[in-house]
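In what comes next, chain A is part of two complexes: it sits with chain B in the first one and with chain C in the second one.
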Partner chain A sequence: MTGFVARRLATALLQLVGLALVVFFAIRLLPADPVARLVGQNASREAYLASQHALGLDRPVLTQFGAYLGALPGASGLLQGDFGTSWVTGEPVAKEIGRALPVTLELITISFVLAFILSVPLGMLCALKPGGAADNATFGYSLFAGSQPEFWWGLLFIYFFFAIMGWAPAPLGRLDPLSTAPPAVTGLITIDSLLAGNMAAFSDGLHHLMLPVLTKVFVLSGPIVKMVRQNMVRVLGSDYVLFARASGLPPGRIARMALKNALAPALTLLGVLYGYILGGAVLIETVFSLPGIGSYAVRSVLAFDYPAIQAVVLVIAAVSLFVYLALDIVHALLDPRLAS
Partner chain B sequence: MPAEPLLSVRGLSVGFHGAIAVDAVDLDVMPGEILGLTGDSGAGKSTLGLALLGLTRPPGKLLGGHVTLEGEDLLALPEDELRKRRGSRIGLIVQNPRGALSPLHTVGGQIGGVLRAHLPLGRKGAWQRAVELLRGLGLNDPARRAEAYPHEISGGMAQRVLIAMALGAGPRLLVADEPTSGLDVTIQAQFLDELARAARAAQSAVLLMTQDLGIIANYCDRVAVMQQGRVLAPMSVRDFFAAPPDEYSRTLLSLRREAPPAPPAQETPLLVAKDLSKRFTLRGSGKVLQAVDRVELTLHRGETLGLVGESGSGKTTVGRCLLRLVEPSGGSIEFEGQDLVTLKPAELRRLRKRVQIVFQDPFDALDPRWTAAEILGEALEKRDPARIAELLALVDLPATTAAQHPRSLSAGAQQRLSIARAIAAEPMLIVLDEPTSALTPLARVGIVRLLRRLQEKLGTAYLFISHDLNTVEQLSHRVAVMYLGQIVEQGSRVQIFEAPRHPYARALLAAHLAPDPARRRIDRAPEAALAGEIPSPVDLPRGCYLAGRCPQAQEACRTTPQRLIALPDGRALRCAPEAARAMNTEPTLIAGGVLT
Partner chain C sequence: MRKVLTGLATAAMMSVSMQTMAQTLAVGKQLLYLAEDVPAGLDYDGPSVSVNTSQTGFINMMDTLIDYPLSGASQDGIRTLDFSRFEGRLAESWSYDAASLTWTFKLRQGVKSCAGNTFTADDVIYTLARGKSVSGAAPINWFLASLGSIKGFDRSVFTGGSRELGDAVEKVDDYTIRIRQSSENNLFLTVLTVYSMAPFDSVEMKKHATAQDPWSHTYANTVNAAGFGPYCLERWVKDDEFVLRANPDYYRGKPDIDRVVIKRVPQSANRVLAMRAGQAQLTQRLAAREFQNLATARGVKVAGIFGNETLVLGLNWRTPPFDNPKLRQAIAYAMPYEQLARIGYAGAGRQWEAHFPTSIAGFIKPEQQYPRDLVRARVLLAEAGFPEGKGLEQYADAFHLAFTAERESYLGPIATAIKAALGDIGIQLQIDPMPQTQFADRRMVKKDLPMALSDTEKPVGPDVVYATRLYFVSPQAGGVNNITNYSNPELDRLFTAAQTEPDPAKRLPLVAQIQNLVQSQLAWVPLLETRTQWAFSERLSGLTWHPDNSLRLFELKLAQ
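And then the complex of A and B:
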């Protein structure tokens, strides 16, 4: 098991190094001029050159890469854990990502867990009677939910739950402007407010999560139910379930055995889904004005903020790889065939 | 006065979407007997077996009938009561044992789960009982085995786990559905011995469903035939083999009554392999697997050499090395005076016409997008419709087959097409790699007859590779027995089948279940069996490879590698002590291969 984890960690590290390389050179191949973007079209030639020098863009590309990695003397870079400073805000990129990432992680992790909790029993129900009423209803639902983009569902939910019913707060960020945010420890509002004992912020935070999470769960549940159903149908049709019945095992025990066999392979797919959702987080963040990593990434790209772009790509990749790895470890713990 | 039947089935029917799979079956099983149920694939045996427990595979439905076990109609019971009877009063063993175990749970836990469902046992008590059951079934180190997952144990061991699950709660009736399909010969015999013993010890009756008439002859008291969902009245095994009641069984047994093929009049060597070796380097560990170890073979023109051995003995690799489909690591293969091993690719290609191969699974060996005519045409110099029709006629396929794709043919017809393709180039030698193993017994009879007739007509030599000793006996003039990559004994069919000398060959032949009730294995005293399991071909012993398992091993056997020794009676033997014994005493023929 230790060997398995060590091997996977080493591969993940290699992937990150490769990614850092590709991103660094790929954005420099773009026909874009970040300096012009910063100083404006009408700036004087001196101002342009001064700005270019300040950003270090007048140096050869390889020197720039050395500085980015932190291999040059006197400057810190990736090797020292330094993502550099944003060209737009002048703040350290790490600090900015530290603010944006938890917002997104909080949203999609809660959505994922809720979607999973809802989908597993639903998928089992469908699998018990393929073609039955529950199965058909679920099929119809996932077709319905998956046929529209999630920002569209988000807008519909806002219209209905905020504008008409008034149950949800205005889709303007993570907290009400009037409530005081708890001091940032983890960056996750729910946890930080609990740590600070600030119950008002906690319930306000949850309230503001209500619609984004609803949107996510609504869209995510379709594929997860389908996955659970498919695996469960396969397991229920297997020889070992038939043999368990022939051995006179009680239905409850057979169900538990089947569930373990059906869920283990589903975990890997969840990991893939998580990485995919993380990459597309910008849509839901935009709809609900959440200052998450997706919005940050888009803002950085539009501003040609090279250090921020490089850091965001690496961080999102690292999170995805970490989730993959964690789910693979759980999978290996459930399935002894993988660990050996 | 016959006793009350233990199980009495009346009018039992099972349907699949309107098609009747089990049709109004009546059947009685007497207490303590082993009743065989045989019949072709698709006759409905497995469906009947499940229906006895009130189960069907979806979308099958029980259409009606009574299954009365010890005076109680199981099918009239409510589901929960019926569930309690399954496993405790009537147990089931299925084929594909590893598929019947959950891959994510330990085997001990799975046996324990069944025990706890029927007996007042705690988790710990059930585990201990499971370990005892495994010990009783002859597994060494049962405590460790119980903690294994299904993928970590062999097929034979998994099958014993199923027995433990089926018999653990002491049912009076055991339904065993093809319990040994996919097992090696020696493991199969051991398993059936244990099954019969365990059933006898628990005073259970067994309904043994199998296509293998050898198993029926050797283990059953009575036998019933199933065809197209109906069961014919059971009869005693002796009467059955004396006069089979139905066409199916008559066809299967007909081959045995015919004289085996006569060897060619003259022995002209066609292919001589010397010191043939093949080593594979394992990925990761870098260890070397010795798949074929200094094999010596001589094939004469027009003769069939049977190559037998259990899985992993290297017989398939030998066959592929002879065609250089697998490059040999060493040795020479002389074919019609040329050394195949040193042949250049262009010459090799020309020579491939003279040596052909037929594979085990015909469907995998035929291009699914081509018609039969295209498949045969490819093997010919030019696509001549007359020649294609002639080839189809040679293998008894109707001329209309030419336009068909492999998937619309039965497995037997696919294999005939494979054979037609092999003979298209008029080869001198065909390597037949388990050509009958993927077929039903009935199709197997057809292929054996076809191969015999083609050899008579065309004079082709065969290297017939198989683990099925019955088929080997029906086809071969000479037989070579392989164990762990080596040939341990080689001789005429009569020598090997009637008086094998090498201890491994003796054990293999003793486990051979001939469809003949004259010398039933179940009535014989157990013979000196080989101990333990086949060692890994990666860490081979220094001396004789069998020394660790051989009941007659001497100290010298463990340290001295054994050579293949030619005996005066024409056989070759890789066992120095046995060879010395053979030189001193005149070899005597003893039926069945009992130790001399």
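And then the complex of A and C:
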């Protein structure tokens, strides 16, 4: 198992290095000038040149690359674990990402766990009686939930649960804007409020997560239910389940055996979905005014904030690779043949 | 058991209510202001200065030496300023000695910053010395000082000249300073009203200086803007929220609103919903139709003013055939102004009949006008040498109408209407939306866009001469952001004369000539003046329009 994990880590590292190279040069090929955006449209030519020099953009591209890596004498860069400073805010990019990433991770991790907890039993239920009422209803729901993009569902839920019913809070971020946030330790409001013993912030945080999580779970559950259902149907029809039934094993034990084999493909789907949702988090963050990594990525791209773009791509890729790695380990535990 | 549970629940609810009441009493009046973003930085010489939401931050935390007095109100009740007069803020009085080109300012005494430091002449000197060091990412203080001809603030600082303040500013005593100009320039007081000339609290700023950053740009940009304004920073989470607390020692009196929470809500539809639900008291930058929608909501008011927001069609003078005056006029006569105002701004716009906003000092309505007149447009097109558009095929590359793709929602329909209108007289057009950064680069740096729709020309110095230098003066004569490459020696001469003429009576005709000249030549094609609007709780009052389009929170009053 150790060798398996080491091999996967080495591959992930190579992928990150390749990505860093591609992103650095690709953004510099785009036909736009970040300096013009930064100094404003009424700035003079001299101000523009001064700004260009301050950002180091008057140097040759290879020198800029050396500075980015931290390979130049006295420079601090990727090799020293330094993502640089944002050109828009002047803050260290690592600090900004450290603030934005937990917001998104909290949202999508809770959503994934809930979606998984709901979808697995639902998928099993459908698989027990293919073509039955539960199966047909689930099929209809999957089709319905997947027929519209998630931001559309988000807006609809806001309209219904906030504007009409008044059950949900206004979509104004992670907490009531007039409340006081708990001190940031992990960046996850739920955890930080518990650490601070601030139960009002904890319940307010959960309340504000209600609609974004509902939106995510609503959209995510469809494909997971379908995947679990199809795998369970296939597994329940296999020879070893037939043999187990013939041997008189209780249905609960048979279901546990079948589930173990049916879960592996669903986990793969989960990994793919996690990376996909992380990269596209901006839609749900925009709808619910959440200052997450998706919004940060889009803001950085629109402002041509090179250090932030470079870092955010690497961080999102690293999180996705970490999730893939974790799922590979779970896979290997479920099916020891994979580890060899 | 049930009774016990009910009792416990009631006690818990009462406790929470009492806590909330106690919190409200402790905090005082609070305002929730929903914005599309919160300040990205607080250094007005920093990279975020061009971002309007950043300006909202430092504008309310700092104060300028002088400003404009109130003059009246728009029909909707938005208060307006009198741009022909100045009134003291951190400066109490001032005088000018024409012989030595020297301004003497008497500074206000007893002014305290949020850090508790007292305002003195040293703060003004520090601020101008910092500006002349051009050490920030966007040296706007230097730029404004150069527009006002403060001695030594010229282009030489970028070519090896001195970056020291020298004798440009002299401290007479703690509350008196003298500022010297390099030449007579009437824009001097105008530039002093702009936010990037506001004095820093030098004592506080110096505490955060480092060897690498002697002027504390990092501190100002990422931690706090140390100034002498009405509000102090309480909390700032970038990309999320910005919380200000009233400065109890503010020299004009403690602000009416004790705490202001500026919350980032990028989705304008959500801002509308929150306003409708009464959960926020102020928002702006909604789509015109959303303002219309909110105007019918209970407890919400929508008000606006024709300030300095406009829409122009830039035709590049260096790109044939746009150097043909008759063609430019034909295009102006063909524009469907009313339709553009309707489809792009839901009626919150009107034909712009000049090259300058009607609100600014020195404005006159020019004699030459371009109402929609297709017959006249066709005649002018023929006189230009292109009857019914024939012959323009060879310039197909020039007829690409660019605009920023991020503003597609309203500029897209406007571009389509222009394409259709020009098609009516025989001019074929391609629509060319592009990313904002690419648009800004080609418009400001390369200046090679043949045709461009732009709504970002908003002079923060509300004066015709200031706007002339910004948009129409040639680079050789000191022009700054001449986006259409307009160049006219006569205009340059009139500008210099107007800028240096000390007698207001002699200056007015020069200013009028400038306006008539650019209008007759169509330096650009003015399309619309658009309303700057706000949606706010009916309990809120005191909204005042300033040329930077940022509200002064100090001026707001919130009824309980």
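What we mean here is this: the second predicted complex is superposed on the first by the 338 of 340 C-alpha atoms of A that agree within 3 Å, B and C clash if a C-alpha of one lies under 4 Å from a C-alpha of the other, contacts with A are read in each partner's own complex, and residues count from 1 in each chain.
FYI, contacts are C-beta pairs under 8 Å (C-beta built on N, C-alpha and C of every residue); 3 or more make two chains touch, one makes a residue touch a chain.
These numbers come from a predicted model, not from an experiment.
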item: Clash-or-fit label for the pair chain B, chain C on chain A; value: fit
item: Partner chain in contact with A:38 - chain B first, chain C second, else both or neither; value: second
item: Partner chain in contact with A:177 - chain B first, chain C second, else both or neither; value: second
item: Which superposed partner A:158 touches (first chain B, second chain C, both, neither); value: second
item: Touching partner for A:147 - first (chain B), second (chain C), both, neither; value: neither
item: Chain A residues touched by each partner, larger count belonging to chain B or chain C; value: C
item: Contacts of A:2 with chain B and chain C, given as first, second, both or neither; value: neither
item: Which superposed partner A:80 touches (first chain B, second chain C, both, neither); value: neither
item: Superposition-derived minimum Cα distance between chain C and chain B (Å); value: 45
item: Touching residues (chain side chain B, partner chain A) in the complex; value: 50, 53, 55, 57-58, 83-88, 91-92, 94, 96, 99-105, 113-114, 117-118, 149, 151-152, 162, 165-166, 169
item: List of chain C residues in touch with chain A within their complex; value: 16, 30, 32, 34, 40-41, 43, 46-51, 134, 136-140, 142-143, 146, 155, 157-158, 217-218, 221-222, 237-241, 261, 263-267, 269-270, 273-274, 276-277, 279-280, 406, 435-438, 440-441, 443-445, 456, 470, 475, 480-481
item: Footprint of chain B on chain A - complex, ascending; value: 237-240, 242-251, 253, 257, 260-261, 264, 334-337, 340
item: Chain A residues touching chain C - in the complex, by the definition given at the top; value: 30-51, 54-55, 87-91, 96, 99-100, 155, 158-159, 162-163, 170-173, 177-178, 181, 200, 286-289, 291, 295-296, 299, 302-304
